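This is the structure, below, for whatever I ask next.
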Amino acid sequence: MIYVTRRAEFSASHYYHNPDLSPEENRRLFGKCNNPHGHGHNYTLEVTVAGEVDPTTGMVMDLKELKKLLEAEVLEQMDHKFLNEEVAVFSTKIPTTENIAVEIWKMLEPKLRLGKLHRIRLYETPDLYVEYLGD
Amino acid sequence: MIYVTRRAEFSASHYYHNPDLSPEENRRLFGKCNNPHGHGHNYTLEVTVAGEVDPTTGMVMDLKELKKLLEAEVLEQMDHKFLNEEVAVFSTKIPTTENIAVEIWKMLEPKLRLGKLHRIRLYETPDLYVEYLGD
Amino acid sequence: MIYVTRRAEFSASHYYHNPDLSPEENRRLFGKCNNPHGHGHNYTLEVTVAGEVDPTTGMVMDLKELKKLLEAEVLEQMDHKFLNEEVAVFSTKIPTTENIAVEIWKMLEPKLRLGKLHRIRLYETPDLYVEYLGD
Amino acid sequence: MIYVTRRAEFSASHYYHNPDLSPEENRRLFGKCNNPHGHGHNYTLEVTVAGEVDPTTGMVMDLKELKKLLEAEVLEQMDHKFLNEEVAVFSTKIPTTENIAVEIWKMLEPKLRLGKLHRIRLYETPDLYVEYLGD
Amino acid sequence: MIYVTRRAEFSASHYYHNPDLSPEENRRLFGKCNNPHGHGHNYTLEVTVAGEVDPTTGMVMDLKELKKLLEAEVLEQMDHKFLNEEVAVFSTKIPTTENIAVEIWKMLEPKLRLGKLHRIRLYETPDLYVEYLGD
Amino acid sequence: MIYVTRRAEFSASHYYHNPDLSPEENRRLFGKCNNPHGHGHNYTLEVTVAGEVDPTTGMVMDLKELKKLLEAEVLEQMDHKFLNEEVAVFSTKIPTTENIAVEIWKMLEPKLRLGKLHRIRLYETPDLYVEYLGD
């Protein structure tokens, strides 16, 4: 078993707000991230696929294919977007780094033909990242 | 003469749009950056001050003071903001990396008491940055 | 279960010396690190907390709280300090990267109210780091 | 148990070709990497050793020894080399990042006297890496 | 005047050899880089363009165009290539970082329509780079 | 004219204190850096040499020689040292980043045989650096 990781970047904006809470509670919980105009990040995404090395190719999977998959399934939906208003799932779910990572897992996991999705790591900034390994 | 550089980061969102141009022209010129919902970046700012080394302190200027100045004059206005709508100058000027760098120069230059502002370097992403050295 | 990591930096100095060994043995084992004047590093600390995503906040824990905890429990004791002489535990324990990581675990683990401490990763330099996941 | 990681870099060239496949199939599978003249990378290798902290030294193992081992067993064979033609095992095995990582494991694992080899992580570029933890 | 820099990466292999010198002299001068099989690097290229900010666009030049230019004029010739054998100019000129930087200047300078080429910075590794500002 | 830069790292400790000032004034000016036990950094040094490309070698100067020079003239004096007590010049001069950069210039400038020393850039942390280009 070997683990292959591919990194990609996207730029998006978001804000944090829970409509079930009072404005004061939202401000206390989310601080500057509660600004409804949104603010943005260069997200760095690392997708890790686990699998056996295919002796014909010496590879777990074709990384050109993985790159296309990332572009079609993730970047196309999220890059240069305002996540709260332009990505459907985040109209009812707060687009925290945690929730974005879980959604990226759900976008990619059913589409992988070779190998098995092992881990989504998502950096919001170089100093803050989240990892999700599935249920 | 010695040059001292301090780095700071801020997260903001923006979009590119010129109201004097047609929608088609805006899309052609600005591509994905024309999305009016905005998208975001982790900007990295490097501020360079030139000066003589003060023999009493061994320093060009007190870097704790420079840090406070950056926070009060730049980050307070731009961090976690939607630049087009929340920073006054960008209601009439497109918040490109070039224009943001020039505005940061204007914010900082009159406030420096020791040393002389030498250069503003602003990264929009690790692969794209702008430098401004004044007129 | 999701893993959230926060990075912080501190600058400290240290040296390696075991009083039970001869000076020759100390020099052989520790090389340049045996210099009793000390030398220093910019340590980079990554603290990983594991937990469920709280549906009210979309977060495992409030990262502003984690940042305050890191500052109060770790940086306050170690930043800009000579570890051998100014951090009590290192008067009897050699402040190697391994031992510092274990001590940081002990400082943080009892203080976390939400989530569970999962991993301490400590970089002494970009080319050398240690990970501790508890007993 | 604690995990210690040491990073090293080497520069090498390689190309991907499977002699059992047709030229067309090789080009389809390997794209630009199929160029028989070879192309190159600055590989970044991270070697992780797991072990107990020795109370005499405060260390899992002497990192000066680990560095020498990396230099003697890995860099000496691979640095500034054309992997397909100058490293014997890659005359019959395609030098993909996956296969290089597994070969580095085989080179180092039997030579470690203290601690246990835990993981080989090999970056081909900052955006692509492979991890191998043994069978 | 403002300076805009775009970064790009390419992977190539090369070796250093001067046919006018003896094999011993070549080995003494070039060390491991004299290996005729070649070895490789992930080169990082930074291209800096100087110009006025166009008030219509807020930009010195369209960076999507600069990216296309870099791809067509530089990466297409050098990426995944053995420089000594596949880039014509390096059949008679040693492909050192210095010489590659100067050649990239010559490739790009006549093609820029807006702005003026200001600087080529080329990293062979993170620890070694060359800058060329024209004659 | 072309500029070649070589990076090197060293770890050292220091503190800031001016004996002509009162303890209060020292604390106000230097803050945490005034701690007499010292604290430390991983300094990153970039040395830039300017020169013509020698057509025989394709290089401004032999970088193996520059590396040896850096090791002999700078790292040997400063790496793993307490600068205030172990580097003579800093017994009377505060070892600020500014002063260290100027001293490194003085150490290297007279020793360069080929090329001309152009710039010393010294990072105290990734967020703070100093540049000196001579008088």
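Letters A, B, C, D, E and F mark the chains in the order given here, with residues in each chain numbered from 1 onward.
Throughout what follows, a residue touches a chain if its C-beta (ideal position, glycine included) is under 8 Å from a C-beta of that chain, and two chains touch if they have at least 3 such contacts.
Just so it is clear, the structure is predicted and the values come from calculations on it, not from any experiment.
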(message) Quick check on the contact graph: shortest path length from chain C to chain E, in steps?
(response) 2
(message) I need the common contact partners of chain B and chain F, sorted by label.
(response) E
(request) Please indicate which chain is farthest from chain C, where distance is taken between mean Cα coordinates of the chains. (result) E
(request) Match interface B-F to one of C-F, A-B or E-F, accepting only the pair for which over half of the contact pairs are the same residue numbers. (result) E-F
(message) From the centre of chain F, which other chain's Cα mean sits the farthest off?
(response) A
(request) Averaged over CA atoms, how far is the centre of chain D from the centre of chain E? Could you give it in whole Å? (result) 28
(request) Mark out which residues of chain D touch at least two other chains, giving numbers and ranges. (result) 126
(request) Provide the full list of chain pairs in touch. (result) A-B, A-C, A-D, B-E, B-F, C-D, C-F, D-E, E-F
(request) Enumerate the contact residues on chain F facing chain E in the complex. (result) 1-8, 48, 53, 56-60, 62-64
(message) List the residues on chain A that touch chain B in their complex, please.
(response) 9, 11-14, 32-33, 35, 37-42, 79-82, 85-86, 125-126
(request) Using the touch rule from the top, collect the residues of chain E that touch chain F in their complex. (result) 16, 18, 20-21, 29-31, 93-99, 101-102, 126-133
